[in-house]
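Could you have a look at this structure, given as structure tokens, before my questions?
Chains here go by letter, A, B and C, matching the order in which they are written, and residues are numbered from 1 within each.
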Amino acid sequence: MLTIENLSAGYKDHEVLHEVSLEVPQGTVIALIGPNGSGKTTLIRAISGILHPSRGSIRYEGQDLTKMNVQERSKRIAVVPQIRSLPPAFTIYEVVALGRTPHLNWFGQTSANDDHIIRQSMAQVNLLELAERNITDLSGGEQQRVLLARALAQQTPVLLMDEPTAHLDLQYQVSFLENAHHLAHPSNEEIEMGIKPRAVLVAIHDLNLLARFADMVALMVDGRLVKLGSPTEVLQADILSEAYHLPLITLPDPSNGHLAIFPK
Amino acid sequence: MKHTARPYLISLIILIAAALLSVLVGSVFIPPATLADLVKSGLLGQPSALDPNGSFAAILLKLRLPRTALLVLVGAALSGSGAAYQGLFRNPLADPFLIGVSSGAGAGAVIAMSIQWPYTTLGLMAVPIAAFSGAMLSVLVVTQLARVGKTIPTTNLILAGVSVSAFASALTSLLMINSTGELRRAIVWLMGGSTLTGWNPVLGALPYVIIGLGVLLFLGHPLNVMQFGDEQAQQLGVPVQRVRMVIIFTATLATSAAVAYAGVIGFVGLVIPHVVRLLWGGDYRRLLPLSMICGASLLLITDVVARAILAPQEIPVGIITALLGAPFFLWVLKRSKSQNYW
Amino acid sequence: MKKLLRFTLSLVLLAGLLAGCAAPAAPNGGAIQLTDGLDRSVSLEQPAQRIVSLAPSATEILFAVGAGGQVVGRDSFSNYPASTAELPDVGGSMGDYSFEAIAKLNPDLVVLTEINTPEQVKSLEDLGLTVYYLKNPVALDGLYPMLESVGTLTGHDKEAAALVTSLKERVKKVQDTIAGAQTTPMVFYELDGSDAAKPWTSGPGTFVDQLIQMAGGSNVGAAMQDAWAQISLEQLLVADPDVILLGDAAYGMTPEQVAARNGWQTLKAVKEGKIYAFNDDLVSRPGPRLVDGLEELARIIHPELYK
């Protein structure tokens, strides 16, 4: 679905991404990991159009994304950013409604169908009852879910998430990532209702939760994609130790086989 | 977001009342009987018996009515631009003069005042034309200075705006110090208040204000989205750089015309958007038109005060807006119940 | 560049808008026809009977030619002669006149001078009023045509002519007296002394400068660049004037305050107590009282010739 080929991008005079090639198929969750500065955020910014690539291509279903205008691109790619400072004068409904922007006219007029999608998105993250609350009255976890709902309302086939669990309590981290997994793997009833599986790329730094939700893991070091594969393939002690410059050991959880990663 | 008609109705009623006040009040008192007779005779196309010299009719038609019309345009331009800039820069202290309009206009005006123009239509319009050009030129310089590649970051705009404003102000002060008779004229102009009377200033300002504000009314929703920052707005499909350029150009167009014909009138552009926000929320689709309407009302009311309070002296409007604007805003702020209005 | 294009477009639009407007119409016919200081042709059917003056100098001229009874309104600064206080005030202290008050007085002539702006002329014209603009004379001689014009406009031609003759005689008398002077004292005329280290004085070409010369003195300010100039205390000490005139006496400046200023004690004029308050109106308003000012200056500068 989303094909990145030999992508190089950077800022002013120094390149951050070096010839990254990655395929994000539909119905897959790919976890993007790597130490700080490895280019995870830069990659997401390049895909979403904030950064212009210096070389290489980014395609959606064969269409060159860099040739699209901002609106067209935003109908295919949605981003869940990290929560930074949020403007206080918005209710949850209003924030999620902004997700419909690529599909609306200049005045942002919403139809009954738009309203339905907005409410559905809020329901998907369990925030429907809080619709009229002001966004600053919420906890960090709830705010991050609002941003996810906004991205869902955008109804894009591709979802990018930039460290969405960075400021969340553990239970919210888990439920958020389960949500992300669910977006790529809807239930049969949902598929019958017309909900399509998405392609999801999640930049994350906590290695211990990956196996729960990620179908594939992409490891980036110094702007290059050094390893791509299933969680078991990538989450190997030697590979990770080299990437993070730190001796690490992996320990499987006897109950479910999920790997826990510790420094030695 | 419920879009009811109530805020518009209230604002329009206030505007109509303010306009009536502006036409009816002045340093000369026109008795109600005379006024009624004037209106009657005017509609019938006859001269009025109670106004044999025609001086009352002249006062109404050639002084008060055009002045009212000009102030409506100026008030709307300043408040609409102020609201747009507050949204664009995501800064509650932004006002329409942030990126150099007032100082550029001042420099242009003072330069024009130091030259003796021939007494022709064009010569009389020299000061407003120079002020308008100075304002537009100043903003052009600011945008070019702030440019980084293809983008114009807002921080750069503010910094460049501050520096260019400081430079233009210094230039203006230098010119004023070196002048003799023009000093008082320049000071009065800089304090704000229309020095031109009649319908010419109204016609001169009209196209720019209409175009500028008209386009701004279409940018309410993009401004809402841009409150989340350039990146998120772009990811949501808003062409941020282009919207920014258009807002800067149209707001500058309207504000330059306003300043060219009415001098520098402060506070209106800063305070009114906040008052509207406190009353009716920060949705820019509504904030922009309501700010325009309420700004016109505020300016009309303060002008009435400026004209009447020390009659026959006419205090420059800019002084009154500053004196009244500050406490009025504080009062509204105190009355607001919502804490999350910005 | 797109913005530049839009900018020039706006400018062209603006110019185009105005090109459509016609120039202000000039009246024609009438018994009295004159060209005013803005090269405007002004005509009246008969001498003006209801005059509004928007400048103190114009008011003084009107009264001086005998037209005082025809003045129905004046600006806030007009204060001479004393009877002007009873006339309606039409504004002007902050640069804005009340056009409404002017219109209500229904004048048949409004007189302005260079302290008024061309825009104000236009505004009054738009109200249908007849406006006459008096351009400031550059030298004392330029005063006389102004008096004659005002005399013509108000039907006091004879009085204006008589006034001109008497003024010229008085000027000649001063010049004859001064011809006998042995010295040319240095005079410092202070316009504003709030900053004692850099007081303001009248520069070259101003009335003060000319009158001081005609009164047999030498103006310290003549060495300055601008008409309104600041002189540093150092330069003043070097010039060491014989006489100090306080044009800012009306604002409360006294000789005692000047004598007490830091650094001023070494000045000859301070040591000899030759600091005098001076009525600035006499030398700054382009009107007949300039001659009063000249006579006053001569008496102060050359007291020995007036014993």
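Just so it is clear, a residue touches a chain if its C-beta (ideal position, glycine included) is under 8 Å from a C-beta of that chain, and two chains touch if they have at least 3 such contacts.
No experiment lies behind these values; they were computed from the predicted model shown.
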Determine, using the mean of C-alpha atoms as each chain's centre, which chain is farthest from subunit C.
A
Which chain is in the middle, if each chain's centre is the mean of its C-alpha atoms?
B
State, to the nearest whole Å, the distance from the C-alpha centre of subunit A to the C-alpha centre of subunit B.
45
Give, as an integer number of Å, the spacing between the C-alpha centres of subunit C and subunit B.
36
Taking each chain's centre as its mean C-alpha position, how far apart are subunit A and subunit C in Å?
78
In the complex, the residues of subunit C that touch subunit B are 2-4, 6-7, 10-11, 13-15, 17-19, 21-24, 38-40, 76, 88-101, 103-106, 114-115, 117-123, 126-128, 226-228
Residues on subunit A engaged by subunit B in the complex (per definition of touch):
45, 48-50, 69-71, 73-75, 77-79, 81, 84, 86-90, 94, 97-99, 101-102, 104, 106-108, 134, 136-137, 154
Subunit A-touching residues of subunit B, taken from the complex the two chains share:
1, 90, 218-222, 224-225, 227-229, 231-232, 234-240, 277, 281-283, 285, 340-342
Subunit C touches which residues of subunit B in the complex?
26-28, 53-56, 58-59, 62-64, 117-125, 127, 129, 132-133, 136-137, 140, 143, 178, 180-181, 184-185, 187-188, 193, 195-198, 200, 203-204, 207-208, 245, 249, 253, 307, 311-316
